[in-house]
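The following blocks contain the structures, represented as structure tokens.
In what comes next, subunit A is part of two complexes: it sits with subunit B in the first one and with subunit C in the second one.
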Partner chain A sequence: MSKNLTINLLSGYQENEDALFAVNLAEAALSKGYGVKIFLYGNGCNLANQEHPVQGASHMNARLQAHMDIGKIGPRLEKIAAMGAEIATCHTTEYGRGTEGDAYRVGIKWGDVGQSFTKFLLTSDVLLTFGH
Partner chain B sequence: MITSLCVIVRRPKGEELSTLGIRTVYATFMGGMDAKLLCIEDGVFNLLDNPGYNTEMLNELSKEGAPIYALTGHLQARGLSESNLIAGVQVIDPAEVAEIIEASASVAAF
Partner chain C sequence: MLFLLNKTQPDTIGLIKLLGGDVDKEVLLTQDAAFYATSSMQDQFHQAGIAHIYVAQDALETRAIERAPECQVVDYDRIVELVMEEHDQVVCI
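And now, the complex of A and B:
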């Protein structure tokens, strides 16, 4: 029986490499047959929502855009959800950021600490928390 | 299945991480999990009897019997003692921290 990993991700886009590391780890674990659950908490909740690209010409040059794109791991969250990861976000931290009610990326669900995170723990063997 | 959790809070009131950590203990403990809170470094400032959401959660946790710990050396380094803290906080030494962590199925640091 495969083991399950819960990742509690406290960091969002760009601020550090935690989200990138978490997604890399999740992909590796899923590819080896482990179960993965990700709880997006604190700034991690910023990863949950669909993007709102600017219309018309971008005001970024290509080099800067390429640099920023390294940390935009939202599409990879959709990929690992399609691979079987359960991903939930904390609606309270979304509320605090004014994003509660925004559409979620495919495969990411509304959640909370008392229900979603606790359920993740009760169905996991290992908990890892990333963020600072 | 993870049924016990030790949450370590290192950040003080005013930083979101402290609220997220205390909130995690509150929600999981009230949901029936064996959850504990350990405040270290500047996280010990959360245990002062000041107004605010963090303190409200901590007082409710204390009344419900949730284990709340503070590391003695980190209190002393900040000029604090047990008498400055909300009721129900257990002041412990590093050896006891090791025992608490060993007894927990999972640990999360905020």
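And now, the complex of A and C:
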């Protein structure tokens, strides 16, 4: 039976490279046949939701927008969920940020520490926590 | 024991020594911790008993860091092997 990796991701978009590193690592692990679970905790919960389209014109130029898009790894979370990763978020940290109840990206599930994260831990061989 | 570093912080070496004790220690440098891949840090790592130092290729290239020769450059496939197969304990700091 293949080993399972759980990534506890505490960082969201843009603030650092944790999310980008986590997704790159998850993709590589899935490609090698490992199981991957990601718990979006703290600011990481901001990655769970579908984005709201900009209403009207954006005030960014194309170059700045391209730079900001590097850190937008939400679509890649959907991709690794489709590859078999289990991804859950924490509704309490969502509540604290005013996003509880917002629509999730495809493949990302409502979650909590008491059950979702605990289940991840009980079924994992390696736990990595990425935060700053 | 593998220490996965994602940032620079005061007394990183002291923290590794405190958490790692006398066990065999290796270090994987990612994100801003790639700045520790420069030559000036290597003596401190060796004095702390760290046997091997790995640095993530993307972090190194993004920052255009000139690494010390003893730092081994690794891609994500190799990082997966280090984390999932080659160490009983992985500590993120």
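Throughout what follows, the second predicted complex is superposed on the first by the 132 of 132 C-alpha atoms of A that agree within 3 Å, B and C clash if a C-alpha of one lies under 4 Å from a C-alpha of the other, contacts with A are read in each partner's own complex, and residues count from 1 in each chain.
We take it that a contact is a pair of C-beta atoms (placed from the backbone, for glycine too) under 8 Å apart; a residue touches a chain by one contact, two chains touch by 3 or more.
These figures come from a predicted structure and were not determined experimentally.
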Task: First (subunit B), second (subunit C), both or neither touched by A:Lys3 - done: second
Open item on the list: One more residue to check, A:Met83. First (subunit B), second (subunit C), both or neither?
Closed with: neither
TODO: In the overlay, answer first, second, both or neither for which of subunit B and subunit C A:Glu17 touches.
DONE: second
TODO: Once the structures are superposed on A, label A:Asp125 by its partner contacts, choosing first (subunit B), second (subunit C), both or neither.
DONE: both
TODO: Answer with first, second, both or neither: which of subunit B and subunit C does A:Ala29 touch in the superposed model?
DONE: second
- [ ] State which residues of subunit A lie in both footprints, the one left by subunit B and the one left by subunit C.
- [x] 125-126, 129, 132
Open item on the list: For the complex, give me every residue of subunit B touching subunit A.
Closed with: 1-3, 5, 16-17, 20, 23-24, 27-28, 30-31, 33, 106-110
Task: Of subunit C, residues touching subunit A in the complex - done: 4, 6-7, 30-32, 56, 58-59, 76-77, 79-80, 83-84, 90, 92
Open item on the list: If we count contacts the way the header does, which residues on subunit A are in touch with subunit B in the complex?
Closed with: 6, 8, 10, 41-42, 92-93, 96, 112-115, 117-118, 121-127, 129, 131-132
Task: Complex interface listing, subunit A residues touching subunit C - done: 3, 5, 16-18, 21, 24-25, 27-29, 31-32, 34, 125-126, 128-130, 132
